[in-house]
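Scroll down for the structure; my scribbles are underneath it.
Letters A, B, C, D, E and F mark the chains as written, and numbering starts fresh at 1 in each.
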Amino acid sequence: MSTKLDDFRNYREKMNNRISQIDHLGIKRFLNLDSAAYKEGMLDSKVKELLGLTASTVLRCNDCIDYHLIQCIDAGWKDEELYDALNVALVVGGSIVIPHLRHAVETIDNLRAERKPLEV
Amino acid sequence: MSTKLDDFRNYREKMNNRISQIDHLGIKRFLNLDSAAYKEGMLDSKVKELLGLTASTVLRCNDCIDYHLIQCIDAGWKDEELYDALNVALVVGGSIVIPHLRHAVETIDNLRAERKPLEV
Amino acid sequence: MSTKLDDFRNYREKMNNRISQIDHLGIKRFLNLDSAAYKEGMLDSKVKELLGLTASTVLRCNDCIDYHLIQCIDAGWKDEELYDALNVALVVGGSIVIPHLRHAVETIDNLRAERKPLEV
Amino acid sequence: MSTKLDDFRNYREKMNNRISQIDHLGIKRFLNLDSAAYKEGMLDSKVKELLGLTASTVLRCNDCIDYHLIQCIDAGWKDEELYDALNVALVVGGSIVIPHLRHAVETIDNLRAERKPLEV
Amino acid sequence: MSTKLDDFRNYREKMNNRISQIDHLGIKRFLNLDSAAYKEGMLDSKVKELLGLTASTVLRCNDCIDYHLIQCIDAGWKDEELYDALNVALVVGGSIVIPHLRHAVETIDNLRAERKPLEV
Amino acid sequence: MSTKLDDFRNYREKMNNRISQIDHLGIKRFLNLDSAAYKEGMLDSKVKELLGLTASTVLRCNDCIDYHLIQCIDAGWKDEELYDALNVALVVGGSIVIPHLRHAVETIDNLRAERKPLEV
């Protein structure tokens, strides 16, 4: 069954392709700069993805939360560590963040379910 | 010579005392919860302070940036690592963050100057 | 027929249960503090819910608007009073609030329809 | 086939009618003031609509983006010009704007598709 | 001794006069609409000013907080009631609101000091 | 006599030099991308600066407003045209923008005063 997360990934891929077709130099450079910001640097990628998740949560952007959760889980963060980062975002951003906390927890569950081998 | 950072610390201390005098239960509990969010947990305090810095920067709050920079430097983050976190905040938050990047870099310099033994 | 409001309530309940399962102390304490903020105090609950509605509207969070509208109507605010509060939010927050005004008016209508005895 | 854009237009019309029924003087005056802001003045309407689009994009409101894209295309802005305005919004507002850039590009495509005579 | 509050009031009056000189119809109508939003209506002015204070606090605008605190105290709200409203704003808006809570408490104290007859 | 605008320019130049010394590749590339966004493209620079001003105003950043007002006046926009753009920002962003409208009008006046030959 398709999840909200699948919808996000399909739409994201389709529109990223369309944006790449548009071929606006400034937009392309911005998107490259965005990817580069999370690459290994003085801080390692794993920490940077957690920064990206927290920033996305306090700014209340579900698509950005989903994107960084995918990266965070690929980078090896455990659920309990992600909850601890989301708690920082909740305290900084206040109760207005709660709907995005719900969304984030649902996405974590969906991501884990995808990785689990199907039971026979 | 007194810096902007001293002004922030003095004002913060004075008003925190005043707020504590006011003795509003909800406000006191919130302030405790705020401190607790950065304590050792599934994530260590050092990482959480960096999350707090990034969240404060994308939300564009200079006082919050100063507070978390003090904590980050106490926790042992190096300047180059802080710049790397600020870069994530800049890319997430856009050019509207630039004035706060200026402020953050100034505060890092002031904090380092305070820690440097006076030259004879 | 199920409304957007039903979807919100079901999703909210499901994910609140899941968040309670996660059992993160900081998050649980925050959620308690959030509930406590609207309890009878120096201001009565009824006024506080209207503050919550206005804050949610200027911060442009539909789920938060729905939640506080449910509470406001339970607390006895009349539609015309709610419109007057939404007008304050509109003037403070500007035209960017208009889509959330539409949402709020729809939710008020849905809430009233639920309370109306079915016509025979 | 109905698009997200059709849904937006239908919902917008339905709820604007409902809001007009409510007949709150302050809300009505605000809505008039909003329309008036984009009328021919010291700046022409065409430029003002582009300002409205950029403001809506950095404030990350998809409904407002759709509304101003409809007006911008009616006013004669070409796609490449709209992309250039969206690039300004992207740089000012940062990567948090990217999901709204995707939405804006999709809406531009939908609006152009509507205007294209059906191929035989 | 002149306070931050005096500076705000003087600057506000000077620039409001200058803006009125500019004589832009849209701006003038907006400023009238803004005043009108807090006038006696379905809700009384006293409650509306508290809504304005809460909205200003979650949106983190010190000048707006000062303005609404002046109005709130004129309208008869007591300090403990104002703290209770600020607590709602703190919980909704999160720790990023704390610097504005400090500012608000300072302004309340300054406003009360002004009203107190000088001791002989 | 030094104005707030002089303070902004001096601080901006000092800290931009310091940031350039820090030599963080991502930050440097972001600052270049930011400058590039306002260069002649499908839209001309003059229009783009007005977009930058409007975006800065609705996002309520005084330093960004000052920067774009300098660029707008250099690009040839007249005061009445700037007021018309600020009016769009006011309607989109609401009364929370008013303190920044005051700031913008003061900066326009300061910029015009600088350009006026001294009277003998």
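Everything below uses one rule, namely that a residue touches a chain if its C-beta (ideal position, glycine included) is under 8 Å from a C-beta of that chain, and two chains touch if they have at least 3 such contacts.
Quick caveat: nothing in here was measured; it's all calculated off a predicted structure.
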Interface residue identity across copies subunit E, subunit F - same or different by half: different
Repeated interface matching B-E, over half of the contact pairs identical, chosen among A-F, A-C or A-B: A-C
Magnitude of the superposing rotation for subunit A and subunit D (Cα, nearest 5°): 120
Per Cα centroids, the chain farthest from subunit A: E
Centroid distance [mean C-alpha coordinates] between subunit D and subunit B, Å: 38
Approximate Å spacing (C-alpha centroids) for the pair subunit D, subunit F: 25
Distance between the centres, which are taken as Cα means, of subunit F and subunit B, whole angstrom: 27
Per-residue multi-chain contacts in subunit F, two or more chains: 26, 30, 33-34, 37, 41, 55-56, 58-59, 64, 80, 83-84, 87, 90-93, 95-96
In the complex, subunit C residues that touch subunit D: 60, 80, 83-84, 86-87, 90-91, 95-96, 98-99, 101-102, 105-106, 109
Residue ranges of subunit E in contact with subunit F within the complex: 11-12, 15-16, 18-19, 22, 24, 26-27, 30-31, 34, 55-56, 59, 61, 63-64
Subunit D residues touching subunit E - in the complex, by the definition given at the top: 26, 29-30, 33, 36-37, 41
Complex contacts: residues of subunit C adjacent to subunit E: 33-34, 37-38, 41-43, 47-48, 50-52, 54-56, 58-59, 64, 78, 80-81, 83-85, 87-89, 91-93
In the complex, subunit B residues that touch subunit D: 58, 90-97
